[in-house]
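The next part holds the structures, each set out as structure tokens.
You will see subunit A twice below: alongside subunit B first, and alongside subunit C after that.
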Partner chain A sequence: MGFDLAFAASSLPTILGAIGTTLTVALVSCIGAAAIGFLFEMVRRAGGIAGLTVGFVIDFIRSTPVLAWLYFLYFVLPFYGVRLGSMTVGVMGLSLYYSGYLAEVFKAGIDAIPKGQPEAARALSLRRRDAVIYVIVPQMLRNIAAPLGNYFVSILKATPYLAVLAVPEMLGRAFDIASETYRYAEPLSVAAFIFLALALVISQGVKQLERWLLARG
Partner chain B sequence: MLAQPETMVGIEGLNKWFGALHVLNGIDLDVASGARVVVCGPSGSGKSTLIRCINGLESYQEGTLRLAGTTLGLNARETAAARRQTGMVFQSFNLFPHLTVLSNCTLALRRVAGRSRSEAEDIAMAHLERVRIPEKARSYPGQLSGGQQQRVAIARALCLNPRIMLFDEPTSALDPEMIKEVLDVMVALARDGMTMVCVTHEMGFAREVADQVVFMDGGRILDRAPACDFFGASGHPRSRLFLETILKH
Partner chain C sequence: MSPFDIWLGILQGLGTTASVTAYGLVFAVPFALVFGVAQYLARGVARLLITGVIEFWRSSAVIILLFVFYYVLPVVGITLSALTVSAMVLGLNAGGYASQAVRAGLQALPSGQKEAGAALGLSRPAILLLIELPQALVAMSPTFVNTLIQLVKATALVSLVTLTDMTFRAKEIAQVEYNPVAIYTSLLLAFFVVCYPIALAGRWLEARIASPGSRAGGI
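On to the complex of A and B.
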């Protein structure tokens, strides 16, 4: 049984039909993970009991499998009356899981900012919130553009986990075709190549963004 | 009869420890409005810590520090309000590298003083002209020499119209040929009547503008004198030794 290019081509429309779902899940999860991760890092940095607790939560998240989070949100929460759609659960699961990793990335990015920068902001009487928005975050982003891009690619590549929740994303579609036709190589390869293409686009975009950020100053 | 000049900074019995290190040991210092005080001393003497206490960047454990009538460290809001009367210039400039020279100057005007963009830019440009660098307004700090960056940092600190300027070794990170352009700006500022506290080893500057030179070592003020006396023969033996060492170069 060789690789049938014609069959691969015929599976392409069905698999591509799911690209919207894959990209939506990936994009919303990236935003969610970045937002939660940044919040985590801000609370952890502030210290105190809340900071210690969040530090523990970050370690806990990073030490557990992402599938455990998806199963937990999907199958356990309904026992407590929380019923969410499979897309919502998928996005929540990926966002929470990767927020733990992104918090670490943000930490590294902030730690690399010279101590004199927040001091100058204080000396200029900037409020803490303004110092974060106008002084810390822009410099943090310059420091972490590359690892941040890597995690965005990771999130994209993690979207097939949502197959366990029956979210119709690309790899799941490819596997459906394979199950129906008993031809695995073609649809799975097609899906893999689309992921490859998307990952290349994201990492190129991040490279351009990094160049643009560093060109200034 | 002349009115007594207002006390801008009043420090009494100031003590500060970093862990076991007694970094400020019973400091008393008054800076009158319009006065220009130069603080010198060997590294580790506590002079930078002292100047950083004046605008509340560092806290202290004992004594009192009054800035423009407010005792620092009692109330966060009052401390913040008092800090707005100060401008600070750092040894390493600490310009924001991701912002243009102009945006470095307008950030606090817009976010702290609540000025509009055009108002803020007008004020910032006026101060950039004052430090003779208006042509670099659209450049980023990384594109400037050290001396240019430090002049921008002075302009940035002046934008909020401070009543006292604090300089923490402003020329120590500069190549020798750039020191003069920064000192010239500081001398001009002194001539305009700005109250200044400068941590510096630039004794030429001290001689030219200082009313009072303070010599610190080991967290204490060992010697304080009008500039003319400090450079004369009457000083404390420890400060004489220090002067001889640095003036040899």
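On to the complex of A and C.
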């Protein structure tokens, strides 16, 4: 039967039509992961029993596959009567999974801030909350911009996992075409190609951003 | 089934998880070494080609790559077992990541190392093998440990191409037993007990390498 280029080209518009879903899922998951990750890192930093517990939760998340988390949320939440759409569950899964990684990004970004900065904030008797908002976060943002961009690419590449939960993103569309036509090779290759192109373009953008931030000194 | 039986049932897939990982390393380690070193040494068009191959394996979405090779290879007349295809795709993806650590480790060495080797009259391959690679690989070993953990976790994907790993076992048990809490908690725990010790070993390595006064190269 061979690889049919014309058929591959004909499946391109349908698959590309889901690029909005893919990018939206990736963006929302990235924001969710950053929010949870930042919260995790703040609690871990504060220390005490809560800090140790959150530190362990981060380690636990980082030691388990994203696919297992997606299944966990998808099947366990309904057991407790929480019925959510598969897209919501998927975004929750990606957010939770990548929060463990982004917590480490925030940690590195905060550790790189010179010690004198939080000390000066304390000397000026800023409250801890104000020190975080006005002193730590603005300096941290510069440090984390590039790694955050790289994790956005990772999250983007993880969005096809949501096809397992029947979310109609690009891989899901490719499988729809495949099961209608019994031809898997072409639509899957097209989806792979689109994801590779997206990842490379965004990675280049992140590299430019990194260079720009470094040049500003 | 008691939660303990469920846990044991899932662990029946540990053999497949372990063999995909081990078999994946057979692809990952040579790829990382050869392509990492080649990218470090090559110039011009050769470097562009090498970077292209690395980026293909590293920047693709691994779940799609697995499906593509699983479905495309038979179409072009290459029939491989699901285990081989999985090990190859997951292994080369991990190898792509590790190759960047190999290259970065080599680039980070002070050029005095290479120059000292040349001053001693060593050939270029000897300098690479005896002076540059050993230092670069030791320095980057915590990164390799992280990549290994990523590989173990990525093996969960093989459940989607019919291999009976831990994730597949969890799905099988879920078909005969309605107890999602125990089943999927057990699955997460099963991966945790495999990956967490590796992560701790990686942290130990990192501390050893970073500690001042440790022997040259740390280990």
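Observations on the structure shown:
Going forward, the second predicted complex is superposed on the first by the 195 of 217 C-alpha atoms of A that agree within 3 Å, B and C clash if a C-alpha of one lies under 4 Å from a C-alpha of the other, contacts with A are read in each partner's own complex, and residues count from 1 in each chain.
Just so it is clear, contacts are C-beta pairs under 8 Å (C-beta built on N, C-alpha and C of every residue); 3 or more make two chains touch, one makes a residue touch a chain.
Keep in mind it's a predicted model, so treat the numbers as computed, not measured.
After superposition onto subunit A, the modelled positions of subunit B and subunit C are compatible, with room for both. With chain A as the common frame, subunit A serves as the apex of an angle whose CA-centre rays point to subunit B and subunit C; its value is 100 degrees, to a multiple of 10. Looking at the shared chain after the overlay, A:L52 reaches neither subunit B nor subunit C.
Measured by the number of subunit A residues touched, the leading partner among subunit B and subunit C is C. Using the contact criterion defined above for the overlaid structures, shared-chain residue A:A108 touches neither subunit B nor subunit C, since it reaches no partner. In the superposed model, A:R142 lies in contact with subunit B only, and not with subunit C. Within the superposed three-chain model, A:T64 lies in touch with subunit C and out of touch with subunit B [touch as defined at top]. In the superposition on chain A, A:A35 makes contact with neither subunit B nor subunit C.
Superposition on chain A places subunit B within reach of subunit C only down to 22 Å, the least C-alpha distance between them. Common to the subunit B and subunit C interfaces on subunit A is no residue. On the subunit A side of its complex with subunit B, the touching residues are 114, 116-117, 119-120, 122-127, 130, 134-135, 138-139, 142, 213, 216-217. Looking at the complex, you find that subunit A touches subunit C at residues 1-3, 59-60, 62-69, 71-72, 75-76, 78-79, 153, 156-161, 163-164, 171, 178, 184-185, 188-189, 191-192, 195-196, 199-200, 203.
Taken in their complex, subunit C has these residues touching subunit A: 55-56, 59-65, 67-68, 71-72, 75-76, 149, 153-157, 159-160, 167, 170-171, 174, 180-181, 183-185, 187-188, 191-192, 194-196, 199.
For subunit B in complex with subunit A, the residues that touch the partner chain are 55, 57, 80, 83-84, 86-88, 90, 92-99, 107-108, 111-112, 140-143, 156-157, 160.
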